[in-house]
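Next up: some structures, all given as structure tokens.
Here chain A shows up in two complexes: once beside chain B, once beside chain C.
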Partner chain A sequence: MRQALLIVLKDLRRRLRNPIAVISMMLIPITITLIIGLVFGRSGEVELPRIRVLLIDKDDGIFSHFLRQSMQQEQFAEMIELVEVDGNEGRAAIERGEASALLEIPENFTDDLLDHKPVQLGLKKNPAEAFLPVIVQELVETTALMLDSGVRIFGGPIEQLRSMFEGEGWPSRDDAGGLLDSSRDNMILVGGYMADSLISLRNEVAEHEIEEEGAGVGLNIFAFVLPGSLLIGLLFISQIALRDIVREKEYGTLARLFTAPLEAGHVVAGKILSAFAITGLSCILLVLVGRFAFGISLGKPLPLVFHLVATVFMCTGVITLCYGFIRSDRAADAVLPVVILTMCLLGGSMIPYEQMGATLQDVGRFSPVFWAVDGLKMVFIERANLSDISLHLGILYGLGILTVVPGTALLRKRMRSGG
Partner chain B sequence: MRGSSLWIVSNIAACDFKLTWKERSVIFWIFLMPIAFMLFFGVSFRGSGGSTPRAKLTVENQDGGFLSSELLEALRKESISLVDSLAEGENPVRTLVIPPEFTKKVLSRERTTLVIRREEGVSQEASEAVSVAVLRSLIRIVSGLIELEGEALEQGDRRFTTTGSTLSGSLWELGGGNGAFMDSIHVELDSLQTREPLVTVSSTMAGRAQELPSGFRGSVPGSLVMFVLMSMVFGGIGITQERVSGILKRLGMTPASRIDVLLGKLLGRMGVAFIQIAVLLLAGRFLFGVSLGSSPFALVALMVVFTFCTGGFSILFGSLFRTPEHMEGIAVITTLVMAALGGCWWPIEMVGKPFQILALVFPTGWAMNGLHKLISFGLGTAAILPHLAVLAAFGLVFLLVGARKLKWTA
Partner chain C sequence: MIEVKDVRKSYGDVAALGGISFTVREGEIFGFLGPNGAGKTTAISIISGLLLADSGTVRVADMDIRKDSRRIRKIQGVVPQEIALYEELTGRENLHFWGSLYGLVGGNLRGAADRVLELVGLSERANDPVRTYSGGMKRRINLCVGLMHRPRILLLDEPTLGIDPQARLNILDIIRGEVSGGTTVIYTTHYLEEAENLCDRIAIIDHGQILAEGTLQQLTQLVGEEDIVMVTGNFTDEQVRPLLSEVKVEHLEDGAFRALVPDSGAIGKLLGRFFSAGVHVGEVSIKEPSLESVFIKLTGRELRD
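Right, the complex of A and B next:
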């Protein structure tokens, strides 16, 4: 045991003398978390930029004005930047991708609608944008539906209004009175829904038990992103830390070590323990960066400590087992990043697990990374108790044992045989 | 010919090109990982953007009247999936709760509230789609109902009338609980819902392509640009290794000039990148069904200039470090930053204006924008001339700075 601990101390001293490799790997999760936080904001709610919509109005009538005003109402004005353009200019601009969409109101739009003839609005979308044109389409379709309803409800009074202005001279008092009478009832009927909100629509998130006041309030996007990126960093740090096993053989250091009264088991145990220590220290530093640089609430101490230890144990174990099968540094460089990235991809390190399709989610549960990331999110975001993450802990510690034991045996056997 | 500059350059390029493929891991990094990323990100974001997501909605109907049935009928016409039954143990993702006596309250003109309850963490985009679908269905039902109420008011029955600006009574009171009356309203409302719409929206795409860049159409260009850059940045580590191991010094002792060596290294890397791009584009086309636009010449031109640019960056990156150790982490970070901010990870229109401008500081931003012009818009060479010029300028600057900074001995 003493020999193993001496190897751990020696390796830690070596890493401290030259920490750049480990630090550069620690920078990966920090960079990913920082970029996503900077781009999408701390709350993680995507604030879309104002959507530029070009408008060609060939009608210039009451209903085209209604459409225009609907899209410039208070709630939409902040979202939509409506720019009126002439036909050729607008079409050329959308072809150059200078707006998210181009809305074209056809000639005689108002007249045709008043005659109850079907009309069609043209919407040309920017094909290089995935989201904004869809929002514009939803908005235009909803406005068109409102206009459709409005025309059907107020068709009579509007027709009256048109014939009044089409006649010679000013409309008479009787005409105006008749118009008011005919539209009054409909105004009252519509007013009930518009002003009195007879039917309202409420969106709510399903309630979950929150034991402590303040928990779960105001999602911090860093707390959502860091667990995933942390796992990428920790797995690569474990790889760097355990790399010595193959490198020292290639450099001849191991052969020299074995001239001393030292057993293969001591060397393997020392290497694995030092990898655990280096990965653990890096993990602590990264979590502290998360706490103090990104303001992440770390949840309850006991579940946090147990989960971090389980995560580091799992990372060290998985990489140890991999090195049990890998005989050279070149092979390690070729295989391990692929293994690590595949586990991270499937485990929700790169895309939130919730965003993955059902099939990928099912596959993802077989990745050890999933249990580490999911548990850590529960600790950070939901302030989970030990019992809440017991399944995660069981799987991570179980995986740690199931990988460290055969990995150690394989490495020891290889070292003994000098292979 | 032998001994001429061209011969030397092509020899160095061919040697670097061959040596790259000797590493078996290269196959993983250059071909398999990008394809895995294309697949994974393409599948994960398949429902987003262009095609309105078929968001799932379960309905908890506590009403039982005809208006809730009408509402469900209207919802079926929207682009969402109404979940009729849940498997055992399955939780609803989103639920529309129609309150008790919804029909009676609406017909009586009493206030009522519909609730859309969603599970925490479910797609925000799909939830928005559900809200819009419910809102539109409500507009359809309510406008039909107002038309019927208008007709009822015209009958002048005192159980449902207006006095000044006040409405007294309601359709419910007019019916007085008479089942036949309610049935007639139901039938009339039904027939109003089946009318052809007066106002429709014809939605088309600008350019020649007809699909928005979601799913594979987003993941293929993004992964391509990111992994080509990654290969080239890692290629830069090779230059540092050659300097440390003395290979560059030995090359310097041959009749090959500095420029010959640099051009050879550049061309070797460009060759690798070009093979990588060709394979990834073919995978995008034939594995994932992504259109490659209508101008193969423009696409090839853009990719050649992009490989020149990233090849230049590879040489610059290789010239910046004294030893190859520790460069891997920095190479990964450099690639991640340039890829993320250049728009390879998410649609660039989703980020704020400052980040959209920042994207154009990186070659990745120009490459992604150029690919959108060709693949998404289906445009030709003229549309990407600025992109070609900027990427070439980036490449030239990287190459010149790299050449100036590159030390030949350790």
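Right, the complex of A and C next:
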């Protein structure tokens, strides 16, 4: 182990003496973040505009009112301006780009739902806007899901309720009692889920936002951009650090190392630890730049540390495995940028994952970068707890092990046979 | 101290070593003399444990290189042909790193670095990055790395390659100084004068085979007291064959021959016969008994070829 640590110290000292390559790679995430931030606003703090949504309600029933109300409750009301329009007027307005989206509730929406018939809401998005229509879509999908769940769980009682309304008007005391009795079991069943109310969750987030940022509601666009660009930088820094394996072979120092009393394992361990240390230090510096230059809230300390370590471990592991197959500087030049950029592209480093098509999103989840970027966004933006990112951490640490182990074995084997 | 028996090594279809055997005694400087590609570096790489031989045995200080490679490497110092240093680090930092790999720590490490820096006259530049050094200075630090831990065995693979004569003499002096402390040395070179001046015994190697081995005196006896004369010109072998009856012809072809002659008078007579017969002579070279003439006799060509 002492021999491996000597190699780590030597490599760190060398990197410190010649930091140009690593610094230039660190500039990638800083530059990308800066440019995108400047595009959105000088401070990176973006006040979201009120989202104008046109509504054509052809149903005018209980459930269409539920949908409408859910989009107009207090916080959504701040965010969304719901404008009721008739069919032709609404369609013409959305074509003119006068709103972010047009929501169309079909005729008999309430009745069909109560009859357990499939129904379809129409949502027409403004193609000129990138993010706002997506927010509307998410909101409508979430509301529809809640409505759907409610209808399925309380289908029986609701059906009873409807027949009461359609019959003699208000039910008798006995009928109402029976209805409550029959709903009781379902309410107990879903009680646990209902207890986690959205209101209490939002309150918690809002308080932290005020504590941390000292400002009103707003999105720091840098926090959204930095995780993706950070991963590009870290992967390139890892590959620079590990490139020493092929460079030292070409310089002759690798052969000389093997004339000293140490084993191939010492050299490989030393190189991987060096790369981990260099990537880790760069990561810390970049995150600090994010905090102090871009004003990004770093979230909770423990999830942040665990996630950054997992990310650096994954980056080092993936690149170690690549170098298990790469034998020369030229091969590294040819192969690694393609591998890194493909992983980053699919993983949401360059194009936000949410903006990708469904197929690309499915493929993107196989990129280790996705789990690193998504987890970091959760830590930065949502102030995620450890439990929230446990899947991300599991996958990143798992990938790290799954790549470091075979990568190390390949490198040791190659070095034993003369490099 | 070092015993090599029937060692063979091939790279694909190319045989780098075709079964070499030799022994090196303790405190001896053993030279490997041969042209580029002769197998010198392969031989030294196998002895240093860097390469594994396809067959044969190598024993160093009564240890088998296959079984005790790490223990052997502890007592060896290796100076490779290429300058294997970290250019970003200073000369002293390089020495500290390599010395620490051999277990030197603290005062011993610093003392060893100071000693070798003093030895090669680089104490004043020790704290400058290696990338700022001249070629000769890099060669000297390259040598220092091999000397840091006072090895019992020193393997030097063309340590003077590509440097000026003065720096070369300096390096040879340093090696002589180390050997006076009892170090055993294997020294590869393609410079005849280095082998003649430095080595106690010399093995002449070519195409992966040791052609001859012994002290300089033993090797020169292979060509006896006779000089080697080499003549090139515009002639055919039939034309000159009758004129060569009084000398020992070693090689004859159209336009060139090589022969052994007892003295310079015989050379004059030989050339006189050529001129009388109207044979065109382009170039004449005469080699007195030396390592070079031995090399030519054994390989049929000059070392610089």
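Remarks
Basically, the second predicted complex is superposed on the first by the 242 of 419 C-alpha atoms of A that agree within 3 Å, B and C clash if a C-alpha of one lies under 4 Å from a C-alpha of the other, contacts with A are read in each partner's own complex, and residues count from 1 in each chain.
Just so we're on the same page, contacts are C-beta pairs under 8 Å (C-beta built on N, C-alpha and C of every residue); 3 or more make two chains touch, one makes a residue touch a chain.
The structure presented is a predicted model; accordingly, all values stated were derived computationally and were not measured.
By the touch criterion stated above, A:83 is placed in contact with neither chain B nor chain C. Contacts of A:402 after superposition on the shared chain: neither chain B nor chain C is touched.
Once the two structures are overlaid, the count of chain A residues touched is higher for B than for its counterpart among chain B and chain C. In the superposition on chain A, A:100 makes contact with chain B only, while chain C stays out of contact range. By the touch criterion stated above, A:354 is placed in contact with chain B alone, chain C being left untouched. Look at A:253: by the touch rule set out above, it reaches chain C but stays clear of chain B.
Legend: residue contacts after superposition of the two complexes on their common chain; A:147 is shown touching chain B, with no touch to chain C. Residue contacts after overlaying the shared chain place A:121 against chain B, while chain C stays out of touching range. The contact sets of chain A with chain B and with chain C never meet. Remark: chain B residues 23-25, 28-29, 32-33, 36-37, 40-41, 43-46, 48-50, 52, 106, 109-125, 127, 129, 131-132, 134-136, 138-140, 142-143, 146-147, 149-150, 153-154, 162, 165-167, 196-207, 209-214, 218, 325-326, 328-330, 332-333, 336-337, 340-341, 346-347, 349-353, 355-356, 369, 372-373, 376-379, 383 touch chain A in the complex.
Looking at the complex, you find that chain A touches chain B at residues 20-21, 23-25, 27-28, 31-32, 35-36, 39-40, 46-49, 94-97, 100, 102, 113, 116-134, 137-138, 140-142, 144-149, 151-153, 184-186, 188-190, 192-193, 196-206, 208, 236, 330, 333-335, 337-338, 341-342, 345, 350-352, 354-357, 359-360.
Per the touch definition, chain C reaches chain A in the complex via residues 48-51, 70-71, 73-74, 76, 78, 80, 82-86, 88-89, 93, 97-98, 100-103, 129, 145.
Looking at the complex, you find that chain A touches chain C at residues 3, 6, 10, 13-14, 17-18, 251-253, 255-263, 418.
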